[in-house]
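Just so it is clear, A, B, C and D label the chains in written order, and each chain counts residues from 1 on its own.
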Amino acid sequence: MTDHIIDPSIIEAENADRVDDLHADYESLGERLDRRGIDIDSIKAKVAEFNVAVPSWGVGTGGTRFARFPGLGEPRDIFDKIEDCAVIAQLTQATSTVSLHIPWDKADPNRLKQAASRFSLGFDAMNSNTFSDARGQLQSYKFGSLSSTDAGTRNQAIEHNLECIEIGKTIGSKALTVWIGDGSNFPGQTNFATQFEHYLDSMKAVYAELPDDWRIYTEHKMYEPAFYSTVVQDWGTNYIIAKELGEKAFCLVDLGHHAPNVNIEMIVSRLAQFGKLGGFHFNDSKYGDDDLDAGAIDPYRLFLVFNELVDAEARYKDFHPAHMLDQSHNVTDPIESLMLSASDVQRAYAQALLVDRKGLKDAQQSNDALAATQALRLAYRTDVEPILAMARLEKGGAIDLLGTYRAAGYRAKVAEIRPAVEGGSGGIV
Amino acid sequence: MTDHIIDPSIIEAENADRVDDLHADYESLGERLDRRGIDIDSIKAKVAEFNVAVPSWGVGTGGTRFARFPGLGEPRDIFDKIEDCAVIAQLTQATSTVSLHIPWDKADPNRLKQAASRFSLGFDAMNSNTFSDARGQLQSYKFGSLSSTDAGTRNQAIEHNLECIEIGKTIGSKALTVWIGDGSNFPGQTNFATQFEHYLDSMKAVYAELPDDWRIYTEHKMYEPAFYSTVVQDWGTNYIIAKELGEKAFCLVDLGHHAPNVNIEMIVSRLAQFGKLGGFHFNDSKYGDDDLDAGAIDPYRLFLVFNELVDAEARYKDFHPAHMLDQSHNVTDPIESLMLSASDVQRAYAQALLVDRKGLKDAQQSNDALAATQALRLAYRTDVEPILAMARLEKGGAIDLLGTYRAAGYRAKVAEIRPAVEGGSGGIV
Amino acid sequence: MTDHIIDPSIIEAENADRVDDLHADYESLGERLDRRGIDIDSIKAKVAEFNVAVPSWGVGTGGTRFARFPGLGEPRDIFDKIEDCAVIAQLTQATSTVSLHIPWDKADPNRLKQAASRFSLGFDAMNSNTFSDARGQLQSYKFGSLSSTDAGTRNQAIEHNLECIEIGKTIGSKALTVWIGDGSNFPGQTNFATQFEHYLDSMKAVYAELPDDWRIYTEHKMYEPAFYSTVVQDWGTNYIIAKELGEKAFCLVDLGHHAPNVNIEMIVSRLAQFGKLGGFHFNDSKYGDDDLDAGAIDPYRLFLVFNELVDAEARYKDFHPAHMLDQSHNVTDPIESLMLSASDVQRAYAQALLVDRKGLKDAQQSNDALAATQALRLAYRTDVEPILAMARLEKGGAIDLLGTYRAAGYRAKVAEIRPAVEGGSGGIV
Amino acid sequence: MTDHIIDPSIIEAENADRVDDLHADYESLGERLDRRGIDIDSIKAKVAEFNVAVPSWGVGTGGTRFARFPGLGEPRDIFDKIEDCAVIAQLTQATSTVSLHIPWDKADPNRLKQAASRFSLGFDAMNSNTFSDARGQLQSYKFGSLSSTDAGTRNQAIEHNLECIEIGKTIGSKALTVWIGDGSNFPGQTNFATQFEHYLDSMKAVYAELPDDWRIYTEHKMYEPAFYSTVVQDWGTNYIIAKELGEKAFCLVDLGHHAPNVNIEMIVSRLAQFGKLGGFHFNDSKYGDDDLDAGAIDPYRLFLVFNELVDAEARYKDFHPAHMLDQSHNVTDPIESLMLSASDVQRAYAQALLVDRKGLKDAQQSNDALAATQALRLAYRTDVEPILAMARLEKGGAIDLLGTYRAAGYRAKVAEIRPAVEGGSGGIV
């Protein structure tokens, strides 16, 4: 039996105020979709099955190199974080898994498993960290980790990844995500070819220990923390890595990790076509890796990504990319942001399901560019909120995520228990 | 025996005015390099061997969709163009080959060969054109060529490429460069996966007819003429193409075809490392595919590219990427721009040869980022003009490219023969 | 009485098929908006008043420097163009004005006026052209026009602008839009300060002749056709121009003329705040000045621009920026693109009208970032199509723009009368 | 008398090894410049007068939101920092001032003055900090400072700036630099117009207290730490601020604070032309505000900026923009980076002094784009190191900055005294 952090009676009361309107809206939307030959209930069913993982580090307040401004009631450890994740899962009914970060979330694996099980939460991909130095660490990653010029440093980074796999095995994870900050800040600082050779050799050592039913995800990023070059800088390099490693290796796409103006949905299509799309870190951005809430800046782009996923689902067998949020919440309550982001990712999926695939294909085949793009626009501008809300309602979640969460007063309650955190940084400019 | 367009006596007279200073400068530079353990003559010897191809279309005045402002004495046909290229080759002694564009340069292959031989010019890669409709063409490429949804259109584009190979065989070319404008202007206009399948199938048909001693170069470009998606949009897709086609297929890097901020020298390194760097279209740009003169905007970037090439030369066997200029000259005399661009490409090569490779490697190995980047900077800020000029002088070229060309009065002479061209465009906005 | 190009009975018949569904949808949307305290009819009334000008050049098929692929039945002259614009106005009921381009649209002003009046069309801003050379023009604009180093060239450009004003006076225009391509392709080619002085002096000469009830709009653009620097490169320079010229001078914002990642809605806010927002050239873009259909790439950005306009409307008196489409239609029927773009601009306006301004302000005041952004998102994700369609229906337009236009067979009809145009370009690379 | 941190005898010994070569190189360069009509000694004299301020925070090791990897012997407080700055000044003889950051450098002003005087150092602009919360601060700047919706917060930020002025008065500073992080992370989070009104009102309050012989510099930045909008986002807004405040208000240009592809030298020209160029924060960047060493990524851009400054110097009276380095040293010894950056800024200045201004102007006037850009290129590719080194030598600095610094063993010495700092961050992602 699942423990509930938010008293279900609060959710029920909040839902009760909204349920009649929801039924009216759902019915009215159903009629409009019916005219387009779409059965609203089957869309709802697919939406209800949709899951996106919540990153443990996402429930803390983020910051920049200039400052971090703490929020109220910040989680003190991974167990507090799991409780925050449980709130998100309870209200959204769309985030049944948590993704851990080692060493930040290091704890007795059995205790971790127990803590999550209490809320019926599972564990998504394990995330290793060789982009910062853990206390007491022998070798520093200042000049690189898996791609370091120093064999001892590389070995330490390999061992750390193997440890993440070990922890993951105990708690039921089935994947390892590897993102490194390795690169360089100056032309000439590193030799690109040597550095990449080191990286590949290290990753092969990690891959060799990957259980058969696991996947390894490598994540590319154009820049930051390295500001001249980055070892895994784009999907081209990422694709090469996945090919070199083997069939359990896949590419992870973080929406904020690309050069300006890049067509991300096309990268998604290419990786899917060549069997190497591992999954996503969802978020949104305007400038760099801004890590804003998914859909907050360019919701149409998010839809276009899901348009590719729905297309790929029908096109390729055994296609099941991982979905994870990866955001930094500097000015909002992280739980609120994560709930609404999970919902916005679901929204994009729901809208993509509404695309008239047959009409789209015909328009494409006859070079009717306008009709083709209108097929996407028609689906996109459909307000699918009633579908999302109904899916939540039927699973015990909240019709109104924000209203219900605020009504429950969760943040104020934990702020009483969890001590205020000192402000931050100043100096890392 | 080579015919000379510019009377050699003019070159000699111009050189005579400058030769004493050149000898003094060469000697003085030689001493400074000697202190760094570098033998100036061996650098000069390498520079003298360097060749970069001139594109036939580069000697005409370029333009934009808004207007084209003609220049004086523009070449009327490929034979005029070959003469212009001969001037560039005579003065720079660094551009002994011409790259043709079909159908723009279509003519009796034997006449082409003869015209070029007269000036001891050879032919570099053939360039096919399926990004515009040739007069009388059956199918339009408005909605794509090699990747079109229409089989007839694809076949026409394949046939055109095969024709380019045929012409090339006669005139002694050994490579085919394929750049297409295929893509889309609207989300949904094309299906990315289907379109790429069509492209790959078409290219396989072309590849099947490629002679054994030829190479095929595919060129990626982020955007333009397509403004939402482009089939070969980046090096990632380009690499996949080269892998799918086979061992005679290589990727061509045009310096202006990337997303803002992208680290191009790193792409060069990756392609070299995985055996797929075919060569370059050199030019420079500030915004998009501006096609400005090589080194005009960011000369250090050009140097960093050559730094990779010199590194790769020592690292990989059988490494010989093709060098070609690809520029659009809207406000300069194209011959002047091409001469100086050839020289600036050579300059970057010469500077890269000056890098203390041993010192650089040591600095990299010991994570001495500052010393490493200074090794590059020291080489880069060396004024190698005396080396370039001496290499030219010894081969019969001009010490002062611009001064000698202007003194020869070539442009004025051809302007008398070649009729003025009507201004242009207006309306293609 | 207004002449109709499309037989009204066709529109009626098409509308008849859709009117019942529209009423149902409008009613249902009205109920949902009513719950949010919004009266749908008052929104509809505002939407019905909204007008966006159509550019005469927009009804022709556009192209790039690589090629232009003609469409069927392209307009032969300005009178054909006016007919095409009349079709757009008839079906959308949102584009009652046409914006002319001189010299492309040069004709007897009285004939122009008559031709437009026949369809109850008016004339929006006049557009001068000094970015290309007109046939027979004395001085070339190859190296600049209003900012040329040559006084004769500057004067010619000034005279051309004065001529545009003269024509405009006759046909009832009230504004002159000045966009120039002046700039440079190479560092050093021009002196920035001198060039800008020339520009300002020239503009002051034009401004001196501007009628009292006219406005002059200057348009900034980052690059293209100049590829190193552009005289009016951004809103900062544009603002200085408007300040230097005087109170009839305003800045025009083209959504595609900015650097990557720039926050355009913020520029809109700044210009409005300092009394210098003249108006818009609406279009959309992914890379540069792609001139794609408004809302085709990033519809949320278009909404955010209108969110500023609705805010400014309430904040500043005498605020009435000009709305104009400025697009290039390379792969679609230009009439279809312009109709849907006019509708998408209207859509963004309608959505912006739905924002809960009071709630937004409260959230902003209390730093409730999430509630604030949700206020925008809620308005944006409302499908306002029933409002737009109802506004059209009530004014005699088409419920379904694309369906009705295609049913009317206009393109096929004009294709019979207007001869096919030869394909284009090839060579301006 | 000036105290010396590095024993002058070490410098002398190091110089002794290099002085003969330097004299030879200086003489040889002098001859080559003489041919171009340039007197090397007068260039050296100008270079010797050149000064660039060092930021106190620059001598500490920087970091990113992901991690900070400490260096050896990091300064513990402002007095250690002043000693590090004294080393830079001693060896480069080009950095006689230090720029302080309050509250990071807060200390008894008289002690500060004394500490600096000991090394003959002066104080450049004061830098206020309202982008992070100081310990014990009443109001948080989480949602803004000078532009906050809360009057108390704005007042606190105003008071902080006034305090900076007070400290500055005591220590002999003559300027206040104001950079804030205020902005928003989400569309709608703030009202752009209201926020900017608040900002202007606050700045007017600060400006009112600015001493008559002071300047106030405002600094624009596109993004970071705010990721959707920033109050002072570009030079357009910055220019408006300077105009609104008054004649003691000027714009500060940080080379890394612009949108991708922006032509920064043109902004420099515009601000100079309209009397509002206050000065610079020099650094270099490839992606965003990377804060890399000046000239490390695009040295030609740095030269082009100085080309504008030399042009402006001759054009406008009373033109004396402030020069300051502002960099973040994550992987290098900060002293080494700052020394070489100061030298690279000087280098760009020296190269700009070599431009043939008369020839450039003639080429510009006659639209000889190629000759114009070659005038810049010729100056730029001159290796002016002998001029810089000779200027240093004659003032008691080091011919070889890096070699001498390393020979002196300064870092090892302070590492013995200054305790190692704990690694950092982890979690602010």
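Keep in mind that, in the parts below, a residue touches a chain if its C-beta (ideal position, glycine included) is under 8 Å from a C-beta of that chain, and two chains touch if they have at least 3 such contacts.
Being a predicted model, the structure only gives us computed values, none of them experimental.
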{"item": "Chain whose average C-alpha position is farthest from chain C's own", "value": "D"}
{"item": "Interface residue overlap between copies chain A and chain D, same or different (over half shared)", "value": "same"}
{"item": "Chain centre separation in whole Å, for chain D relative to chain C (CA means)", "value": "42"}
{"item": "Euclidean distance of C-alpha centroids - chain B vs chain D, Å", "value": "39"}
{"item": "Residue list for chain C, restricted to those that touch at least two other chains", "value": "142-143, 184-187, 189, 222-223, 228, 260-261, 263, 286-287, 296-297, 300, 331-332, 367, 369-370, 373"}
{"item": "Residues of chain A defined as touching chain C within the complex", "value": "21, 24-25, 28, 31-32, 35, 260-261, 263, 286-287, 296-301, 331-333, 336-337, 340, 367, 369-371, 373-374, 377, 380-383, 385, 402"}
{"item": "Sites on chain B touched by chain C in the complex", "value": "57, 60, 62-69, 104, 129, 131-135, 140-143, 181, 184-187, 189, 222-225, 227-228, 260, 285-288, 290-293, 296-297, 328, 330-332, 422-429"}
{"item": "Chain D contact footprint on chain C (complex, rising order)", "value": "142-143, 149, 184-194, 196, 222-223, 228-229, 233-237, 239-240, 258-263, 265-267, 269-270, 272-274, 300, 304, 307-308, 311-312, 315, 360-361, 363-367, 369-370, 372-373, 375-376"}
